[in-house]
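Listed next: structures, encoded as structure tokens.
Each of the next two complexes has subunit A plus one more chain, namely subunit B in the first and subunit C in the second.
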Partner chain A sequence: MTFWGALMRNGVYQSVSTTLFKSQRRQFWILASVPLFWIFFANLGPILEMFWIGFLDSYPPKVGHEPQFTLANWAAFFQDRVFIIPFFRTLAFSFIFTAITLLITYPVAYFLAKHVSRKNQLLFLLLLLIPFWVGEIVRTYAIMILLGNNGAVNLALKSLGLIDRPIPFMYTGFSLGVGIIYLTALYMLLPLYSALEKLPDNYLEAAADLGAGAWTRFRRITLPLSREGIASGCTLVFLISTGYYATPVLLGGPRSTVFAETIAGFFHVAGDQWPMGAAFSSIMLIATLGVTGLFLKLMGRDGKGMMR
Partner chain B sequence: MTRNTRILMSVIYWAFIVYLFVPLALMVTMGFKDSKFIGFPIRSWTLDWYATVIQDTEVLSVFGYSMTIAIATTILSLIIGTWVAVFLGPNQFRGKAIIFALACLPAVIPGIISAIALRIFARLIDIEPGMFAIILGHTVHNVPFVALVVMARLSTQPKSHIEAARDLGADSIVAFFRVTLPYLKPALIGAGIFCMLLSFDDFVRAFFLGGYQPTLPVLIFAKLRSGMSPEINAISTIVLIMTAILGLWAERSMRRLNKGS
Partner chain C sequence: MTKFITNRRQFIKSSAAGAALVAAPAYLRSTAARASGVVNVWTYANFIPDDFKAEFEKDTGIEIRIRLVDDQGKQFNLLAAEAPNPTADIVTVAGHRFLQFISSDLLAPLDTDRLKNWGNINPIYSESDWATINGNKWGAPILSGAEILAYNTEVVSEDEVKSWDVLFSDKYSGQTAYTIQDMMSVVMLYKGYDGNMVAYMDDPEKAAEIVAEARDFLIEKKPLVRKYYDAGAEVQQMFINQDIVLAHAWNGPIAKLITDGFPVDMTIPKEGTYGFVYTLNVANNAPNADNAYALLDALLANPEVGAEMTKSSGFISTYKGADQYLSDIEKKASSFTEEELAGLQFFRAEANEMKYKLVDPAVEQIKAA
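Moving on, here comes the complex of A and B:
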């Protein structure tokens, strides 16, 4: 109280304040300064820089060698199956994982939004949220313990007498899928929940009164009205699941190498493989944003408010 | 909705909850196993692995390192994120949609690409891999989350609050600190704890932006690659408990936000 009062009465502060806020225009630009700087410097800058490095023949610059412009890094991608296969595998995996996540979480979100009483919804939601606060590595490790040869699933199957030898779940596309879905399901669940929660109950009641069966009501009312949630959820899960690195390293095997591992390889090898890694990252960024852009267009809305 | 589908859906919900909790529960259990080998069945139990962790100076120093990064990241993210929200929330101008999309960009870019881009960028602006690079990377990633939470809170603030302050003689700065900021407090607490969790748990950025000193997730990753051991379970369990406490605290302050404090 006294501090702010004193500040307002302080002569130096008063003159600074009046100069700063002399006009609406000036006030707008002062307010805009830090956000605009941050958005262009920290959000856009690294991406543009990455694209640019992809066109250089060597980086970081070596002594006595000016980096030359080249397209070789981009061309290399299309010339080697070692690169192309993980790339399309990553897109296919993410696509499949997204679809499965949608199928699993839709009933969960619907149950939560429509069948749990208002009073209990927060509690039920919290139960879903808690595991997702735990970090990527810890949760990946938990899946390793679940699916390992001496893991819980194999132990359970063995004690039930269903198998003699453990099933090798680990280091396959299956274990990777279980892990990725475990990590990303929340990004599907929350948008679906908030879309379904807004769906008025009386729409469904009206449809039922007019003789629509359960399947018709779902297809004609629930599904179209939760479209926005589906679009946001799928977009988020697809984008995020293509970006995991540690999880594929720990849960995947030689037959499920993803593109993130390919990219990381260029940065772990000492030397100047950076430009190729940068070009490959750019290709992946363009591809993933392209796929989601197309998807959102098909779903009939633009990218605006994706985060909401 | 027929009775059967209702029952089916509640079964799916509970099955999903089991899917979420069982792996974590197994991981916690394994931390008490009296054997070096990870795997079932567990025949005898011990607390020794926790004793090992508490006496492990490397783990403790890494813990402190991660905590320092998380706190610095949170402070920076809150300042920048709030500023972005105060700018983007109430102001209308041409190109706002694009600026908004760019502001959200780091939250949706695939993790590995974001990490690589920041690694190259850190080299460009001459930041050595290490603590400052990680703080920069985490702040870039966290600012959109803070901005979105604060914008949501700002949109519920009555215009009359600011007008009253201005009528009473406050200028923009004083009005912000005396009126808007207290109004934003629950959102800031929630967003801040969320930032700490994001930073503390992040692997991919810390892995590519870090120097020789690992953060906690990077250390766990390195230990895992050289073999599973119940010591990792003990570390993970401690992290898990801390995370759950922080998360619940964040949730509580966000809840108060919805009720309108």
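Moving on, here comes the complex of A and C:
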């Protein structure tokens, strides 16, 4: 008798399983308990704590001072344009980087889904996944090595005689954009590939037979039918790029400070303004969720949006 | 569907099980940290030399478990998150940050009577006014650093770096870097004010004016700077990549570049600068306080250990006689001339609350401008 067979016939196991799964409701709660615990304690818990800290006048607690409730941390954001500038800069950067990532990865996803044999698609996907086996910081340093004054790009341009002095790519919006797009491209590519791979070839063939040109086929068939992939990819890339911290710190310059750096400043600097940082983090979270919700509404994942 | 029946006994049992589950991480954490043969140290890379660590572990049977930190603020956050039962026995706090840790009850007063080698520290550091707060010592000074002007010797001449002016000159536009937070203090000094703000503790309006002046100056000079950085490794990387030729930096990372043979040097300009001292501190409620004192005393026992710390970190040892164990290039990389030292004063913490309430928003304004 196998182990599982013996287990099934075991009296203790039978009585325990009968007690635990006596009713559907009990089954439901037992099965749901682990994911619910994970969602509430590991995901929502820290966010709720952050909200709560945002309403305190001091945190971590100081000796002899009981933290008091205040709205000052939230009000500070709206009272000083100093904080609003990096906030909107971050949203604008994320919007631009998402659009560029879409433009770059869409043809790659289309090529992969429609022009690579099914046998080789897995191999291609594996190749695209390789950079993701190393962490964000290592990949960011790779960009630094590429774009630095002594980096591969400048050395190549110099050896070709195209430049005398290195082009200062690093610590600009350009280097930041290259880094973010490199880091997030796969999050766009995979949903796009998934959507395009499901697109029936005979739709395109029928359209061609009826005289539709390449642009018309793309505009009327490919684009609308890959809408789900575009919506998922853009949402992922937008949300991820608004939250990046290490990459802007390493690749960004004095004129490309993002809101995550502002928030981090409140947690790291000597003044210990955790509550301000917590309130600003909450504002960022609400704003990005709002923008994403609006975007999904416009994209019309219910089939009624702008890409009909 | 059947009713989900519960009674008081079941409820109590479930609540107890839930409470135990929720409390488990804290219990497991404190149990893991508390072990007879262990001392948990949070410190910067290369502050505890490998050879010393191996010898100490062999002689005492106490294992040194190091958790690397790279920023005072992050260390404060980690310790605050674990309070009141930290996993750390020893932390590494800069002297001018003591107040922040003490006011949050994160450090235990240091019992110097338990350190028979306390006298091996140069009294300039161990008996300095910043070292005593509320009548107690709070840490053993081990390494000293300074805010310095670093430059690429192949591009910038020695004559050009006599003043902080060069960092803001058009000649090196786009080839400079600094940390804004520290630079605010240096700019205040550069403009003839007290960057520690102790002199303005009774005149907050004057303090606000000075911070505004320093802020406006850095905003005006923003088009000239290549990068605002945070970590020593970043400025090293920028010098190596030749992204910059001039920077405000800490002497430790630059000393490492000098001893590694890069064409970089450093100086304290005529307007002066601020120094700081890294201290090793016993955490409040340290799980292995006795082992922490054993380690501190062993670290202070021999000036050769101080010299090793200098070699590995680049910062200047606070031990009496440590320099005799350094090579000429190591001495050069970790020392300043009498003229330079005349302009060095230490960061002070007395006015920190007022100072950083003004400086922190100013830093954000400079970044956003």
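As a convention for this text, the second predicted complex is superposed on the first by the 282 of 308 C-alpha atoms of A that agree within 3 Å, B and C clash if a C-alpha of one lies under 4 Å from a C-alpha of the other, contacts with A are read in each partner's own complex, and residues count from 1 in each chain.
Please note the rule applied: a contact is a pair of C-beta atoms (placed from the backbone, for glycine too) under 8 Å apart; a residue touches a chain by one contact, two chains touch by 3 or more.
None of these values were measured; they are calculated from a predicted model.
A.B. asks: Kindly say whether there is room for both subunit B and subunit C on subunit A in the superposition, answering fit or clash.
C.D. replies: The answer is clash.
A.B. asks: So, does A:170 touch the first partner subunit B, the second partner subunit C, both, or neither?
C.D. replies: It touches subunit C, and subunit B stays clear.
A.B. asks: Let me test your reading of the model: by the given contact rule, A:250 touches which partner, first (subunit B), second (subunit C), both or neither?
C.D. replies: After superposing on A, A:250 lies in contact with both subunit B and subunit C.
A.B. asks: Return first, second, both or neither, reflecting whether A:6 touches subunit B, subunit C, both chains, or no partner chain.
C.D. replies: neither
A.B. asks: With both complexes superposed on chain A, which partner does A:22 reach: first (subunit B), second (subunit C), both or neither?
C.D. replies: Second partner only.
A.B. asks: In the overlaid three-chain picture, which partner chain does A:75 touch, first (subunit B) or second (subunit C), both, or neither?
C.D. replies: The answer is neither, since A:75 touches no partner chain.
A.B. asks: Per the contact definition in the header, classify A:151: touching subunit B only (first), subunit C only (second), both, or neither.
C.D. replies: So A:151 meets both subunit B and subunit C here.
A.B. asks: For A:133 in the superposed arrangement: first (subunit B), second (subunit C), both or neither?
C.D. replies: First partner only.
A.B. asks: Give one of first, second, both or neither to describe whether A:294 is in contact with subunit B, with subunit C, with both, or with none.
C.D. replies: A:294: touches no partner chain.
A.B. asks: Where does A:63 make contact in the superposed view: on subunit B (first), on subunit C (second), on both, or on neither?
C.D. replies: In the superposition, A:63 contacts subunit C only.
A.B. asks: On the superposed three-chain arrangement, identify whether subunit B or subunit C touches more subunit A residues.
C.D. replies: B
A.B. asks: Where on subunit A do the contacts from subunit B and from subunit C line up?
C.D. replies: In subunit A, residues 60, 144, 148-151, 249-250, 267 are touched by subunit B and also by subunit C.
A.B. asks: Going by the contact rule set out above, which residues of subunit C touch subunit A in the complex?
C.D. replies: The contact residues of subunit C facing subunit A are 1-2, 4, 71-74, 76-77, 80-81, 83, 97, 100, 103-105, 174, 181, 222, 225-228, 230, 234, 237, 240-243, 352, 356-357, 359-361, 363-365, 367-368.
A.B. asks: Could you pull out which subunit A residues touch subunit B in their complex?
C.D. replies: 4, 7-8, 17, 21, 27-28, 31-32, 34-36, 38-40, 42-47, 49-50, 53, 59-60, 104-105, 107-108, 110-112, 114-115, 122, 124, 126-131, 133-139, 141-146, 148-152, 155, 182, 185, 204, 214, 235-236, 239-240, 242-246, 249-250, 260, 263-264, 267, 274, 277-278, 281, 284-285, 288, 303-304, 306-308
A.B. asks: Touching subunit A in the complex: which residues of subunit B?
C.D. replies: 1-2, 5-6, 8-10, 12-13, 16-17, 19-24, 26-27, 30, 37-41, 80, 83-84, 86-88, 91, 93, 97, 99-121, 123-124, 136, 139-140, 143-144, 148, 169-174, 177-178, 197, 200-204, 207-208, 217, 220-221, 224-225, 228, 232-233, 236, 239-240, 243-244, 246-248, 251, 255
A.B. asks: Mind listing the subunit A positions that touch subunit C in their complex?
C.D. replies: Within the complex, subunit A contacts subunit C at residues 22-26, 29, 60-63, 80-83, 85-86, 144, 148-151, 166, 168, 170-171, 249-250, 253-255, 257, 261-262, 265-273.
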